[in-house]
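In what follows, chain A forms one complex with chain B and a second complex with chain C.
And now, the complex of A and B:
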C-alpha cells in the first residue's frame, strides 16, 4: 500500500513538474536565455536519438550531425522552394532522414565497432560536403535563409503564433516529451530489451534468437529519425541553416552529450544536452578550445565514468540502498566468483 | 531409456562435418546423431573440437564441409538466431550474461521470439501484445522457480554466485522453449554439491521432453547422466555408444581416460 501511495504521489509530482515546465517562459524574460533553453531542447532530441544507438544498442556513430543536417536542410529546402509549412516539412524530414539512416545503417552495421565509427565519420563528412557544394539546392556556404516559422495554431479564439523565442519553447518542449515517451516505449519493449542484450553480449543475444543485424538497423533508423525531427525543428526555429552547423564537430558534440550525461539513460541525455549547450554557448568565441575540451572530457568519461553523470548517480543510489537493505544472508552471494567476459 | 539407433527418432543429425582453422582441423569429417529425448554426452580431451562442434551446430561458425540437420531440416546455413528459433538453445563454456540486467530481465531475453521483434504492437500496447507479454512473464516465473532462482529474480545476474550464474544461463536457454539444449561444460568450476544439483536439474529438464547434448569433463557426471556418449579427439569421432560400452572402450581409455582424473 505504501508503495502504491508513493508511486501515485511521484506521478502526481511528475505531472505537476511537466505542466510547470510549460510555463517557464513566464519566469524567463531574457530572450537570449530563452534562446539557449530552446537550443537545449533541440539538442536533447538529438542526444536522445543518438543514445538509442550508442547507449542502448552499443553501436558508436560519429555521423549523427549529418542526420541532424539532413533533417534541417530538407525542411529548409521544402520551405524555401515549395513554400511548405512546418507541419508538412517535419514528417517529410523525419521520413527522409530515416530512409538515409536505414541505408547508412544497412551498409555500416555490417562492420564491427571501429569500422562503423570510420564509416559514420566518412558519411558525416560527405554529407557536409554536399551541403557546402551543392549550391543550387543548399545555397552552398551561405546556406538557406528565410525559412518560414510554423503557422499559427488556433485553439478556439486563442491564437498561438510563433514569433519570439518563448513562442517556440512550448512546441519544442512538446516534441522533447514526445521524444522521451517514444524512447521509453522503445527501450521497455521486447525490441528495446533485445537491443540492450546486443549491446551487452552480441553472441549471447543472437543465440537466444535475436536477429542482431536487423535489430541494429531498425534502431539506427529510428535514431536517425530523431535527428531528422530535431533538424526540422532547428530549421524552423532559427529560420536559417548553413553548412558550418553540421560538421564533424556537431557529431562529436552530440556524442559528448550522451557520454557525459550517461549512456542508456533518458535523464542522462537531458543533462548532457543541457551541460554541453550551455558550455558551447560560453565557448562560442573560441570554437577550437571547445573541441579540445570535449575530446578531453570524452576520454576522462570513458576512463573513469563510463556511464556518465547518471551512472554516477545510480552508483551512489545503489550503494546507499545496499547499505540499508542488504541482509547478512545475501552478503556471501555477492562475493561469488567473477566470470570472464 | 533404451538406445534406439533407428534414424527416425534422431532430433539432430550431423553428417561429414569439417572445419579447419588455418592448418588445424578442429572438426574433421564428423558424423553422429542425437536421438530424441536422450541425454547425449560429448567427451574428449581439451582441444578435441567440442566447443567448435557446438559453434557449428548453433551457426556461430560455418563448416567447411558437411551439414547439420535438426528435426529433418537442414540448418547448416542458417544464422544463429534462426537456429535458436528452430528450437536449438545453448549455454556457453564461459558464462555469457548481460551485465546490466537482472535475473528476470536476462531470462526475458530468451522469450524474444514470442514477444520481441515488432515495435508497433509494443507502441500501441495492443491486446495481443499485452497477452503475449504476460504469457512470457508467466513462463519465466515458471522457469525461474524450476531452476531455483525465483528468489533472486531482481538481483543483477552477474553478481550472483558462479553456480547461480550458470543457472541463469540455463533458465535463459529454457525460456526460448527449445527442443534441444546444448550445454557446454556446465559443471566446470563447480564443487561436488553444485555439480550434483545441476545434474538433477538436467534430468528434470530432460524429463520435460527436452533433448540434451552436453559437453563434460566430469566422468562421473557423464556416466551417470547420459545414455549415449560420443568421444571425439582431434576433431574426429573416436567411439560412440552407451556409457557401459564407452567405459571400457580401449581407444577411449588410451586417448582420454588417463587424463580424466585431473578433471580439467
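And now, the complex of A and C:
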C-alpha cells in the first residue's frame, strides 16, 4: 500500500515536472540561454537515436552526424526550393534519412565491429563532401539560408507561433518527449529485448532464433530516423544549414554524449546532450581544444566509467541500498549474491 | 533425424573437420568425444549454420539445412546450448527464458517457461535474480532450459560440463538424462569422455578433425582408442 502510494506520488511529481518544463520560457528571458536549451533538446533527440544502435544494440557508428545533416538538408531544400511547410518537411526528412540509414545499415552491418566504424566514418565523410560540393543543390560552403519557421498552429482562440527561440522550445520539447516515448516502447518490446540480446551475446541471440542481421538493420534504420527528425527540427530552428555543422566532429560529439551520459539509458542521453551542448558553447572560441577534450573524455569514460554517468549513479545507488539493507544477519550469501562455482 | 554426410570445414587454409559423417536417430542420445581442438565445437557450429562447410551435407528430418541461417534452424526444431553457457548476465533468469522463446507467439512464452522449469526448480526459485549471479551449474541449467523453450526436436549441447565442479557435472548430466528420457533427441559434445559415454546410447570419437571411431556405449567403453586416449587406462 505504501509502495503504491509512493509510485502514485512519483508519477504525479513526474507529470507536474513535465508540465512545468513546457512553461520554462516564462522563466528564461535571455534569448541566448533559450537558444542553448533548444540545442540541448535537438542533441537529446540525436543522442537518443544513436543510443538505440550503440547502447541497446552494441553497434558503434561514427556516421550519425551525416544522418543529422541529411535530415537538415532535406528540410532546408524542400523549404527553400519547393516552399514546403515544416509539417511536410519533417516526415519527408525522417523517411528519407531512414531510407538512407537502411541502405547504410544493410551494407555496413554485415561487417564486423571495427569495419562498421570505418564504413560509417567513410559514409559521414562522403555525405559531408556532397554537402560541400553539390553547390546547385546544397549551396556548397555557403549552405542554405532563409528556411521558413514552422507555420503557426491555431487551436481555438490560441495561436502557437514558432518564430522566436521561446516559441520553438515547446515544439522541440514535445518531440523530445515523443522520442523518449518511442525509445521506451522499443526497448520494452520483444524487438528491444532481441536488440539487447544481440548486444550482450550475438551467438546466444542467434541460437534462440533471433534474426541478428535483420534486427540490427531495423534498429539502425530507426536510429537514423531519429537523426532525420533532429535534422529537420534543427533546420527550421536555425533557418540556416551549412556543411561545417555536419562534419566528423559532429558524429564524435553525438557519440561522446552517449558515452558520457551512459549507454543504454534514456536519462543518460539527456544528461550527455546537456553536458556536451553546454561545454560546446563554453568552448566555442577554441574548437580544436573541444575535440581534444572530447577524445580525452571518451578514453576516460571507457577506462573508468564504461557505463557513463548513469552507470556511476546506479552504482552509488546500489551501494547505498546495500549499506541500508545489509545488517550483520544479512550476509551477501543470504542475499543470493555469492554462490559456489 | 540428423544426417551429417562427408562434412569438411576449414578456417582459412586450416582444415578443422575432415570428411566427417554422423547420424542421430529420433529419441537417440549421441555423444561426440574428443580432446581440446579435435573439432567438436566446429562440428556443432557447422551443424547450426554458424560456420559454412566447404563440402558435405547436413540433413534435418530429410531436408538439407547446410545453407540455412542459424536463427531459422530454431523454427525448424533445432536448439543449441552453446559452449560456456552464454546466458544474458544482466537479464533475470525469467527474462532469459522468455528470450529463449523468441520464435514463439508472445502469449505462449510464459506458459512454456513454466513448463520448461519443471525439471529445474532452482530456476523457479531464482526467477527474478540476474542470470549473471547464478552459479556455473545453475547457469548451465538455465542455458538448457532456455534451449528447451522452443520444444526442439533436436537439442545440441556443446561442452555442458565445461568449467563445472565434479558435483555440478553430475547434476547437469542428471538433468540432461531426464530430458532425454522425456523424449528429447540429443547430440552432445564434451571433453569429459566418461560422462559423455555414460550418457549416450551411441557415440563418435573425433581426433584432429577426423572420425577416429564410433559405436554403441559398450563398444566405445571397450574401444582401445577411447581407453587409451580418454579413459586413462592402457
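Criterion: the second predicted complex is superposed on the first by the 324 of 341 C-alpha atoms of A that agree within 3 Å, B and C clash if a C-alpha of one lies under 4 Å from a C-alpha of the other, contacts with A are read in each partner's own complex, and residues count from 1 in each chain.
Keep this in mind: a residue touches a chain if its C-beta (ideal position, glycine included) is under 8 Å from a C-beta of that chain, and two chains touch if they have at least 3 such contacts.
Model, not experiment: these values are computed from the prediction.
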Touching partner for A:156 - first (chain B), second (chain C), both, neither: neither
Which superposed partner A:83 touches (first chain B, second chain C, both, neither): neither
First, second, both or neither for A:186, with chain B first and chain C second: first
Contacts of A:203 with chain B and chain C, given as first, second, both or neither: both
Partner chain in contact with A:218 - chain B first, chain C second, else both or neither: first
Touched partner set for A:194, first chain B, second chain C, both or neither: both
First (chain B), second (chain C), both or neither touched by A:146: neither
Partner, of chain C and chain B, that touches more residues belonging to chain A: B
Chain B and chain C contact sites that coincide on chain A, given as residue numbers: 190, 193-194, 196-197, 200-201, 203-212, 336-337, 339-341
Residue numbers on chain A that touch chain C, as the complex places them: 190, 193-194, 196-197, 200-201, 203-212, 336-337, 339-341
Contacting residues of chain C [partner chain A, same complex]: 48, 50, 69-72, 74-75, 79-80, 82, 86-91, 95, 98-100, 102-103, 106, 126, 129, 133-136, 138, 146-147, 149-150, 165
For the chain B and chain A complex, residues of the former touching the latter: 58, 60, 79-82, 84-85, 89-90, 92, 94-101, 105, 108-113, 115-119, 122-123, 133, 152, 155, 158-165, 172-173, 175-176, 189
Chain B-touching residues of chain A, taken from the complex the two chains share: 182, 185-186, 188-191, 193-194, 196-197, 200-201, 203-212, 218, 264, 333-334, 336-337, 339-341
